[in-house]
Each structure stands twice: as C-alpha cells, then as structure tokens.
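What follows is a set of notes on a single structure, which appears directly below.
For clarity, chains are labelled A, B, C and D in written order, and residue numbers in each chain start from 1.
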C-alpha cells in the first residue's frame, strides 16, 4: 500500500545489489511512495548483481561509484542533480564490507590493511557521502540521510569481527555530521539498526542462520525483514520525521530491548538436556 | 498535508486537555490521516479544558476517566469499542502529573503519598491501560501503543523532581509489556521522548522558559514542538513501523545526542564575561 | 586479601539475610577492609535468616527495620550514628521483593496493590534511605551509597516481572538523588548491576538455573558471583572512586555488552538439531 | 594514601608526556600502590616531554614506540617482559591525536589522510596493543587493560571533530577484544570516559576552558581531574574488579547523567539577560 509520502522528493540509494538487498527494497518502496531516485553501486556490484534491471524497471539511472572515492561520489551527486534537475531530498547509505571477514581473519589476528579497507568502505564512505553532498550543497533543507547499521555497534557478536568497530564509527559519524548538517541546513542524519537479514552481504557472517533463529525467538515481533525495513526507512525520508536526528533507531522486532525471551530460553533449555550445566 | 496513513484505523487518545497539549495535536493529526478516535481525560480536565470542543469538531466522544482507575479504563475501552464497532488499532498515553512538583516539595523532601500519586498517574496508569486492553482483547493484532516520555528518564534535570523516576518507570513498562503484547498479539509498545514543550503541564516545571532556550540552542534542528510530535507519532501508529517495539524514541531535534553545541556555548560564554570561572 | 581500603570508615548494610546474600558478602568484605558496619534487615528476615550470627562474628549490631517505614529508617541511622559515635561513610541498599512474583501473577495480570508493594520495597525504600540520611545529615561528605540492581532495568527478561520496573525506578532514584546529594554534600550514589546470582531472593525467579547457565556462557568472564561483587563494591565505598556518581555500573563478566558469544551459540545450536528453524 | 592494591603487579603505561598527563598520574599512583611499570611514548614525545625524569624517579625504563607500528609495540612488550622477568598484569592506553584538529580542518572539511592518522593513532593503536599482547601471550590471566575515552564517543561536542569518531571506535574495540581476551584468558578490557581535563592534549580543543567551566557546573561532584582518575584506574587494575569488562566507565563527577543542573542553568540564565530568547 502506498501513501504518497515521498511525492515530489528525490533521493540517492547506495548499495542495491540484488533483490535480497535492503537497499533494493528501499529503492522500490521510495518509488512506490512517489519519490524519484538514482541508484549507485560499485562497478563490480553492478556487473555481478541486478541493479540495472531494477533501474530499468523504475525508470532511473545507475551511477557506478566506489564510495571510498571522493571523485566518484562527486560524480554521483552531480549526475543525480542533473538527472533530477535539482537537489536531492534523501539519501540511503547501505554499504559495508570487511576483507577480514571475507578472508576469515579472526578479530585477534586482523590484517591492518584489511581493517583500513573495512573502515574506508563501511564507515568513512558515509562521511565522504555527507562531506561531498555538503560541499556541493546537494541536499535540500530539511532533507534526510539514513545509513544502515547493526546492533554489533553496541554489543559484541562473535564472528562479526571488525565490522562491529566500523558500525560503531558509522553511528558516530551520523551524530557528528548530523550536528553540523542539522545546525546549518536542517538536514537530519540517522542510522537504522536492523535485525540480521538474509542478504548477500549478511550471508558472509558466521553461523548466520542459527543467529537469525535466535534473534527471531528473542524478538517479540520476530526479526524485521528487508520489506519491513523499507517501510520504516520511508517514514524517515518523509516530512513526518523532521525533528528526528543523530539517532540510532533500532528496527528489530524488539531484540535490542530483550534480555531473554521465553521462546529463546525454551530452545536453549532443550540444548541443556543431558548436558552438564556451567555457570562460568 | 495528509497521506491517509491511518485510514481505517481506530484509536484512543488519552490526555488532550487544550490546544497546547501534545495529545490534542496528535488527535487532530490522527483524524487528518484518516483515523477515527475517541478522547479520554479526567472529569476535572474535561471541565477545565476544551476537550469537548475538540470532540465536537472531529465528531467523536469524550470518555471521562481517571486513568488510575481500572474500572474507568475498562469503561473507556468498552465505550470506544462500541463507538467504533470493533477493536482499536492505536493508543496514545499522554498523562503525567506530580503533586510533589505542584506543591513545591523538593526531591530531597518528597511527600511519599504524593510520590505514590505521581507514580500512579504518570506511570502505573500506563500499565493499567495495557493490562485492561489486553484483558478485554481490545487492540487489534499489529496495533501500536505510544506513551509520551522525557529525557529526564535518563538524565537528571534539576526541578523535574519525582517525574524523572516516573518517566523511567514508564519507559520500563513499555519494554516489559511490549515483550508480552508483542509476543502474543504482535502489538508494539514504544515511548516518545519529546523536547520540552510549552504545554499547560510543562509550564509547572521550574525555569521552563530558559531551559527551552538552552535545549533549543543545543539541538541542531531546534526543539521539536507539539505539531512536529503529532507528525512523528502518526508514523508510529501507521503500518509502516510494524517492527519497532520496546523502544524509547527521541524526538528532540538532536538534543539527546548533543554534548555541547556552538550556539549554546556561545550563549554560555557570554555569561562568564566578568565572572570568575570555576571548574569544581 | 585485604588492603585497608575502608580503614576508619563506617557504613550501614541493608539486606544481609544469610550466607548466600550479596549484602552478607559485602558486609564481611567491608569489615575485612577495615570498615565498621551496622546491619539492618526486616524483623522477619532477622528471625528467618542468620543475620545475628554474622553480627556477632563481626562484632556489630543488627537494627531491625522495615525499609518502607521512614520511622524505622530514622532509627537505623540514629542507632548507627550512636553506635559509631559519628556519621556514616557508606551505605549498601540490597533490598528487593515482588509479591507479584511470589504469588505468580504474570506481568499482564498484575495485582496493583502488590505492585505498590514491589515499588515500595524495591525502589522507594532507596529514596527513603537517602532522604532520611539527608534530613539527619547522617552521611559524611564524600560518602558513598550503592544500591544493587539488575539488567532487567534496561532489557526485558521473561519472568522478572514488575521487578524490572522497580529496578528501572531504583536506577533513576540513584541519578535523581545523586545529583542533589553530590551537589550539596559531595556524596555519590550509584547502582551496581550484578550478574544473576544464586541467592535466596534470586531463587524465586522463573527458570533461574538455566538463565544462569545462559548468562554464564554469554559472559566472557563468566557470571560474577557474590564474592566478586563484594570486592567490587568495596572499591566503590573507598576513597579511590570519589568522582564516580549517578552511574549504573555493570558487574557481570561482560554480559551487558554481549550480543552473542560462541559458547552460548554452540549450546543454542545444539537445541536446533532435529528441530525446524524459525525466524519469526 | 596507598593500599598496596597493585603489589606484585607489573604494567605498561602508554602516553605519559608530562606532569599534566593523566597517564603520568596513573603511572605514579600505580607505583605508589606497589606496582612496577614501564613507560612508553613516541620518540618525539620523549624528547619534548619529561617522561624520562618520571622514569628515573620511579626507577624504570622508557621504551620509545610509535603505537601505530606493530613492530614497535612488539618491542615494548618484549622489552617490558624482559625488564619484569615475566608477563604484565595491566596496561594503560592513553593515546590520542587528530591532525584534523591540529590543522583546524572542520568536521565538514576533513582531510581523509588526516582522518586515517586520527584513527590509526587514537583507536587502531589500541587494537594493535591488544593483538600484539595476545600474540606474544604477554598479559597474565585475569589481567586488566584500560584505555582513556571521552563522552564525545556518545554525544557530539562542537570542535571535538573526528576524535569523536575515533573514541567511538576505541570503545568498540574494547568490547570486541574484551570478548575474545576475556573468553580465552580472563583478561578484562575497559575504557574510562573522563571529564575534560587540562592536559597538553586537551588544550588543543576549541573553547576548552569555558567547556570545563560548563561541565564543572553541570557535574554535581565537579569535574574529575587527573589525580582522581589515577585513583580510579588503580581500582580497575586491582584484583577487586575482576569481573568488570567490556564497559565504558564514566569518571566525570556525574556529568554523563545530567540533563541540566541548577548551577549551570544559573550561569546560563545570566547570559540571557538583555538578550532575546530563542527556541529554535
């Protein structure tokens, strides 16, 4: 169901790889809500994924960009503004990758060049998007910027590795830049901390399926999926949330506020049958 | 501007006293968005305020209730369900009052009977609303419940007194009941932590005007007002935020994430001219 | 091992029931560290527990008091000051009880008279201790007050019931009163959020043993036990932590900062073998 | 006053530049408490500061190291273990520097090479310290690692710039590595979030003196100074805090839990006299 929440608004969506992507769903929903968008992704992702098909279907362009490159990002904004004939109103940053995770380097055996890449791609790219936008004065007053985060920024999950530190930094960038962009241009900057989601990116994380089972049983409303997330992010892009800024917003079916649920404990209890209990 | 976000939805708004009230604005916006509502307030507030005029204008009823009375609340739900011909989809709890604040009892000289009243009115009433609703099975699946809170629940503001403790408890109730209602009926429960707002209730707090000046200068987007809040709460009642639960959501122009802004510091600096600095 | 951290200091310990009690261990450690203490508990607890034996062993008195009674608390402070020949330097509040938990009323079927008792005993008693102390000017400058809390104040654990709301209020009282007592007398007020602990009180909580297994596997250092807690609280009473106030301090082996550990997930995984996974 | 809290313990202190340094005070206190330490700083800092005098006075060595260099850090640990004749028990990381702050690049005009340096020096160096220590198995079981942080990691302070993001990452590293080191070796890792302190490092931050006045008036116990901090950190290195890990511990006189104090508001009010109020 569509409400016209983004009628007359223009936005840029970074990170729509394929149908599983959260960014993909958000792109589709933004268009359903009356928004116009451009898409951006790396050249590699464009080749490997199906971003182009999405662009064709919703009648827009794909602008290849390495989000760690200021020059590429300048091109994304300039091309988008040209395409729209004006400034943009909303931006989604859904970009993250850890070479340490990919190469199975454990967190106590990080490769520091990889770590730099993790930070560059997953956190600093967000600062670059904002700084480039600001220098080009590319976002309308009262515009809205959202980046996708994860609860690992606050609490450690084994296997999430250096992505946790990158997400913590990402959330800090949202606050730091949100202050400046809010004060000067009334533009808000937030992160959405989403349930673990079955995406191509997520699938790299160790034990993902069982983790999703656990968080699903812990969350009173179950895990939030990519469709749910698209609905939520659309409200953050709309004019109805103009005074929400510098926040990390949990969109997770309640997981972040749970210590232990009956359903998760019931599953856990089962595992203890026939085993010795430990409390150390 | 209206989007039809609450088309087909029915709700109960507790606490609309007069045009300044946040609840009043939310009631108006809910109707604009296509919702149907009933209003509830204390008999005293109905006499002293203008709730009835609002009810007439939007074509609904006012149901008098002392929100500390389970019987009264049962009547609110039964009457509302009769009026609507079915369950409700959303509820706003905007109720708070401290006799200790009113009678100028300082926090280290609380009257403990007054404290019980503060808790009863400002926090436990929220549990009663939820428990009564659940016993009567009065909320539709995937319904949404919001209570108004304030940052004093996390950080101490001089003069806010025992209302801080009540709000901390209120936010805890949202989590505790949110777990149960989410698990069993997919109903979400959240609190909105709003900027200090010039309402009849707010006006009792010591030094309110200067505090509003300070928080306004601290917040990059300025203070959120009652109209802003109404817009935001409407999104929380809509189907677009179905997986957000057990959260305390700051709606405050960024205040909660600020340590110090240039504008507030500039004002503060002025106060230090000609005065001796202190750091202890 | 003892360091003389509390040499010359006098304190009151509320809530030492028997050898399992956290308060009991803290009392013993405080004395080992050179402190002098008095003990207080309800008349009933004194009859049923072994507080008197502890008092005899460490050469002090037990002052019966219902911590919900201002008169009783006044007596505790007056008697203690007489016993010591002066003001007290530290106070431990380790008091909590929920009739709703005891009578197995679920959180969506609370008895509201019971709830009042839960709050009175588990939260408001802390305010009364502080207010009485302040009115009698019973705490030395730079004194230290600690109350025992639990993570349920921030995150919902099924079965913890209305104690979660009481603990949230308790932590708020620590902040609210900590502001006033700090500003006026340099006295600090903190809460310690302890791992689930096998005490007589804790044993009432549903599924306690399996929960302790889970939190133990989640916490990288394992659960903190009552002895660990006593060591920690002694540092908070000492002169080495004079500028720590209004904090909730997690003493839990890391549990509060964990999203998922390998050890807990391994146990959890086992439970899924032969069962269908769910993510909703 | 000394208690022998660190008797028999050995530690490494990174970042003692001169008498103003927090690390300097911690080094002195650690020795007073019976600990043995080695000192490490950059070659440049050793030349410009007075680390050597400190080393002479307390009878230890200074090991020059660029904390961004794994090789240098390996040398610090190897040399320290040789000096001590065994593993270390505690480590202080008090290292931070932002070329963007130094060169007065504002946060919306960051130089990205400088940002990398900020992160390398102020955050990643902490990971390197931990990873090197772990690979060399240089820390005894139940050892304690502390890094100095600042509230800017959670809340934006104008002028603190990219150091905010670095501190957010630093605190995340403490959690991420704290999990692993805790699970495998019972070693705890925490950050201490200290009041703004008049150090050589702190003096680079814009409007520092007035900010210190503000935080001092906001904090019920006043700002914590370097001496206070040394006392506190000593407790974290001692055996009394063995189960505290993955925490960010505010040591700030209560500032972090304050929304507004009477003293700060009184100063602020003065600034409004004769000026027009604003709330946007």
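We take it that a residue touches a chain if its C-beta (ideal position, glycine included) is under 8 Å from a C-beta of that chain, and two chains touch if they have at least 3 such contacts.
Just so we're clear, the structure is a prediction, and the values are computed from it rather than from any experiment.
Common neighbours of chain B and chain C, listed by label, are A, D.
Counting C-beta pairs in contact across A-B and across A-D shows that the higher total falls to A-B.
Averaging Cα coordinates per chain places chain A and chain B 30 Å apart. The mean-CA centres of chain B and chain D are about 40 angstrom from one another, to the nearest whole unit. For the pair chain A and chain D, the distance between C-alpha centroids works out to 31 Å.
Looking at chain A, one finds that residues 155-156, 158, 175, 178-181, 222, 246, 257-258, 261-262 touch two or more other chains. Interchain contacts join each chain to each other chain, per the touch definition above. Across the complex, chain B is touched by residues 151-152, 154-160, 207, 209-217, 222-223, 257-262, 265, 267-272, 275, 277-280 of chain D. Looking at the complex, you find that chain D touches chain C at residues 1, 3-5, 175, 178-183, 186, 188, 195, 219-222, 224, 228, 231-232, 234-235, 238-247, 249-254, 256-258, 261-263. The touching residues of chain D, counted against chain A in their complex, run 70, 106-110, 112, 115-116, 119, 123-124, 127-128, 130-131, 134-135, 153, 155-156, 158, 161-162, 164-165, 167-169, 171-173, 175-181, 246.
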